[in-house]
Amino acid sequence: MPRDFVDIFGNPWLAAAAAIAVIMGFLSLNALMLIWMERKVSARMQRRMGPTERGPFGLLQTMFDMIKLLGKELITPTHVSRKLYLSAPVLMFVPIVAICSLFPLSENWVFHKYDIALVLVLAFSSMSILGIFAAGWGSNNKYSLLGAIRSILQNIAYEVPLILAVLAVVLVARSLSLYEIAMEQSPIPYILFQPLAAVIFFIAATAETNRAPFDIPEAESELIGGFHTEYSGMRFGMFFFAEYSNMVIVCALATILFLGGWHGPVLPGVVWFLIKVYALIFIMMWFRWTFPRLRFDQLLKFSWLLLVPLAVANLLVTALVLKLL
Amino acid sequence: MLQQETKSTQNGKPSVEELLREAGPLVHLDVLDNLLNQARARSLWPLTFGLACCAIELMATGAARFDMDRYGAGVFRPSARQADVMIVAGTISRKMGPVIKALWDQMPSPKWAIAFGGCTIDGGPFKYPNQYAIVEGADKLVPVDVYIPGCPPRPEALIAGILKLEEKIKAGKNFKA
Amino acid sequence: MSTTLLDTLRQRVPELKTEDNTSTPAAGCTATHVCTTADIPAIAEVFKQAGYCLEMLTCLDMRADGGIFRLVYHFSRADVPDRHRFLADVEPGHEPPTAALLFESANWYEREVYDMYGVRFAGHPDMTRILTEEGADYHPLLKDFGVAHPTDEGNGNA
Amino acid sequence: MPELIHVGRDEDRDTYYLNMGPQHPSTHGVLRLRLLLKGEEILEAEPIVGYSHRAHEKMAENRNYIQFLPNTSRIDYLSGMIYNIGYCQAVERILGLEVPERAEYIRIICCELNRISSHLLWYGTLLMDLGGFTPFLYCWDDRENILDILDEVTGSRLTYCYGRFGGVTMDVNDEFLQNTLDFCKRFRERLPEYETLVTENIIFQNRCKDVGVFDQELAQDFALTGPILRAMGHKRDVRRDEPYGIYDKFDFDIPTLNGADTFDRFLIRVEEMHQSLSIVEQAVSRIPDGPVMAPKVPRKIKPPKGEYYFAVESARGHFGMFIVSDGTEIPYRIHLRTPSFANLSSLRSVLRGTMIADTVAILGSIDIVLPEIDR
């Protein structure tokens, strides 16, 4: 059995503090690199250079952006309802840190072994929508209000196929603990058993993180900034940070459920895990820079009329096949 | 310092403010200011905001050949709350004046303005006596940091303007024009 | 120009003075008609039935030599190149009838004429300014408004 | 407690006003759309213009004919060449000036290249409004090639002042013609690539197919012209109906579709780019030698007293100049009948009942340029 943080540090409080430190370090470093990667990937896809002047290959560009955002004035507009407006970035960021503590990175790298980790992940991931709604409703600006309402409807519409796809994996693995699901997949990753569930999961996950072609809550060309129109300085930086951390979480969940977590021929477990996560993130970025944006009602129709029936059918077929085996 | 000396001795002992002023700032923030200025100079987020012909050259600078993103300036923020530099590109008509003033006030504080094109310097080709329709010059509305002449100026001129603005920000307080 | 159109026009508006200028291409239209503002709606109706669109409506400040504003209407046909120019004189202060009820494009044209010349149109759904700044109390295209000194001695953009 | 958004209650509908205001990423400049919204559905839309009114017509009354030339390419800066040369052709027709053959061919080449560059910019901004950023950069690549070609001979990238009464200022050399041919060949290879990237993209089709359908009487009501009219089935193009210059010597057809929705307006303009390419190729292959400026041009332009009207086909539709001359050197009045002024006013009846995302798509497909509306 792998030694989790509680065994290493003795009392649980110290373990929790260490886990938070590790997660925050991982997430912030990750967000910095992901923003840089997105700008470089989008530049390459658009036949241009992207940031090159700041450090080798523009690596320091995001660091400068973050320092500048830290140094910006935090405007709190008067027409804003303060409680909602100020709590929104926090509300959006707390679930992300919580979810990160549930992921087993490799054989013996796990913060804490929960046997129902999957339920916790799904619960927390649907909490981050509160942050978006608080931001939209709180900033008392018509564009943000539209963005907030759109994000709620989209989130509900894409939570259902997400859970149904995950259920199919749980049926096959017969366990809710991420650690055991990953362990089961040592010979063959589940994507071969459940290709349809994997596709549905990935589409719903892209919608979950509000990224194109499902980025209608902060549709730049229609709603100016969507829910984060009224945020300036590091508060806006938090939304930016949360979006990229959300991407990491969703891709990590996808690797554990479908790509077999840390299993891989030669390299150590953690490296395989990170390679798979970054590959999925690259695909997500690829989506963003090729597809135009779906219209609001088409997006909902796409989920309710296509993804949900498919996911339910997939679930039934899996149950049937397992029954016969 | 001599002149300072005579003032304080007239009323006997030096007043508290003079002592403080001589001692200099209690906390030296120059290093932090310098660091912030270096970061601000290297990541200028322009506001998506085109008025007329110069807006097309602004888009050309954002496009592939003259890529502004190389200098970190390619992130065009539509909302004024998240923008650092307002590039006034095009003729400012009298009807548009108050809108520009409102946008300028909405931008968070370390903000700069680039007057891009002849119309924003002094009305450009549309300037003639008793011109009723345009505001002749962006500096009548917003404090402009860098003026870029041309009608429309070429994208290289805009990049040169942005680099000049970076010089100004990096130099911080002791910037000599 | 189909003769039937001219006849229906002549019935509706008997005292219409027509001058054919197919011979002078520079004029850019097949015929120029001079009419009074009262029968503009009638003319507009005739052209609407015949499938013409109101392509252009503008105004000339002729107060210097004749004390009138001259409205210029252009009716143009969609498929066959055929354009008619109508000149209608308006005394300053009078309100010509609007053509916006028949041709929607006239809505904005008439608002622009009002904005630039001050000629109001009776029956216009939304007679407000369209181009100049809010709270403008002047009509810029009038000949006596803010005349820049004549460009003969200056170099034009003095 | 701050006063929350005023949600007016009239009868049973809770509606509110939303300003897609003068500064908005997808209003192509400084248009303000005042929308009366019920949730996401638009009840009434009223475009408010005037935010880039620059008094072109007042300046026309204070300048003589030569001095108004620079203004013409700043009215609609995307088809600046077409406007500039159109104005020269108008005055030439009034004075009855003869333009040498080579100058006519050069004018045709430059105008059609300008039309392609204007359509390319429209292509990129429409896609950017629908959320796809990459096609914008692709189109801009090709547009830069055109700007280079035109830059060599006219000296400017956007606001050309290349035409004079009686011809053009600079002759073109063989390198210019060779560059144009290379561009046409390279662009013909690129268009299928655009086809796969955008036209066959299922999301783009969903966003554009039968969105913002113009019904037939709008064409007559709002005097629509240009690609919008051709997408409604009317085969109307000033280059073919009232031929000017030497357009009647070239064979090009006028594409028409009758879906009248955003997708058809998109296809029409892509097809027009093909047509313009073929015109340019024909012109480059048949360009004769000779002077580029008419031998005898009057020093002072004093057109005879009278009213004149001349129309050209710009990238957005029928651009007409109504010139009234009182015999002196300064025009009595120049009224600029711009296509987008009429096209945009049709938004009032088209946007009823659509959603905000559709407004952006329809506005993009109408392809307006604000200074051309506000003059």
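First chain written, first letter: the chains are A, B, C and D, and each begins at residue 1.
One rule holds in what follows: a contact is a pair of C-beta atoms (placed from the backbone, for glycine too) under 8 Å apart; a residue touches a chain by one contact, two chains touch by 3 or more.
It should be emphasised that the depicted structure is a prediction, and the values quoted were computed from it without experimental measurement.
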{"item": "Middle chain, criterion being Cα centroid separation", "value": "D"}
{"item": "Maximum centroid distance from chain A, chain identifier (CA atoms)", "value": "C"}
{"item": "Interchain centroid distance [CA atoms averaged], chain C/chain D, Å", "value": "24"}
{"item": "Computed distance of Cα centres, chain C from chain A, in Å", "value": "62"}
{"item": "Chain B and chain D, separation of their C-alpha mean positions in angstrom", "value": "34"}
{"item": "Chain B and chain C, separation of their C-alpha mean positions in angstrom", "value": "47"}
{"item": "Interface hub residues of chain D, defined as touching at least two other chains", "value": "24-25, 50, 53, 55, 58, 62, 137, 141, 374"}
{"item": "Multi-chain contact residues (two or more partners), chain A", "value": "46-48, 220, 224"}
{"item": "In chain B, residues with contacts to at least two other chains", "value": "63-65, 78, 93, 95, 125, 128, 132-133"}
{"item": "All touching chain pairs, where touch follows the definition stated at the start", "value": "A-B, A-D, B-C, B-D, C-D"}
{"item": "List of chain D residues in touch with chain A within their complex", "value": "1-5, 16, 18, 24-26, 40, 127-134, 137-138, 141, 197, 201, 203-204, 206-207, 355-358, 360"}
{"item": "Complex interface listing, chain A residues touching chain D", "value": "42, 45-48, 78-81, 140-143, 145-146, 212-213, 215-216, 219-224, 289-298"}
{"item": "Residue ranges of chain B touching chain D (in the complex, touch as defined)", "value": "47-53, 55-57, 59-60, 63-65, 78, 80, 90-91, 93, 95-96, 99, 103, 125-126, 128, 131-134, 151-152, 154"}
{"item": "Complex contact set, residues of chain B against chain A", "value": "35-36, 38-40, 42-43, 63-65, 67, 69-72, 74-75, 77-79, 81-82, 84, 106, 108-110"}
{"item": "Residue numbers on chain D that touch chain B, as the complex places them", "value": "21-25, 29-30, 50-55, 58-59, 62, 70-71, 74, 77-78, 121, 136-137, 140-141, 144, 147, 157-159, 370-371, 374"}
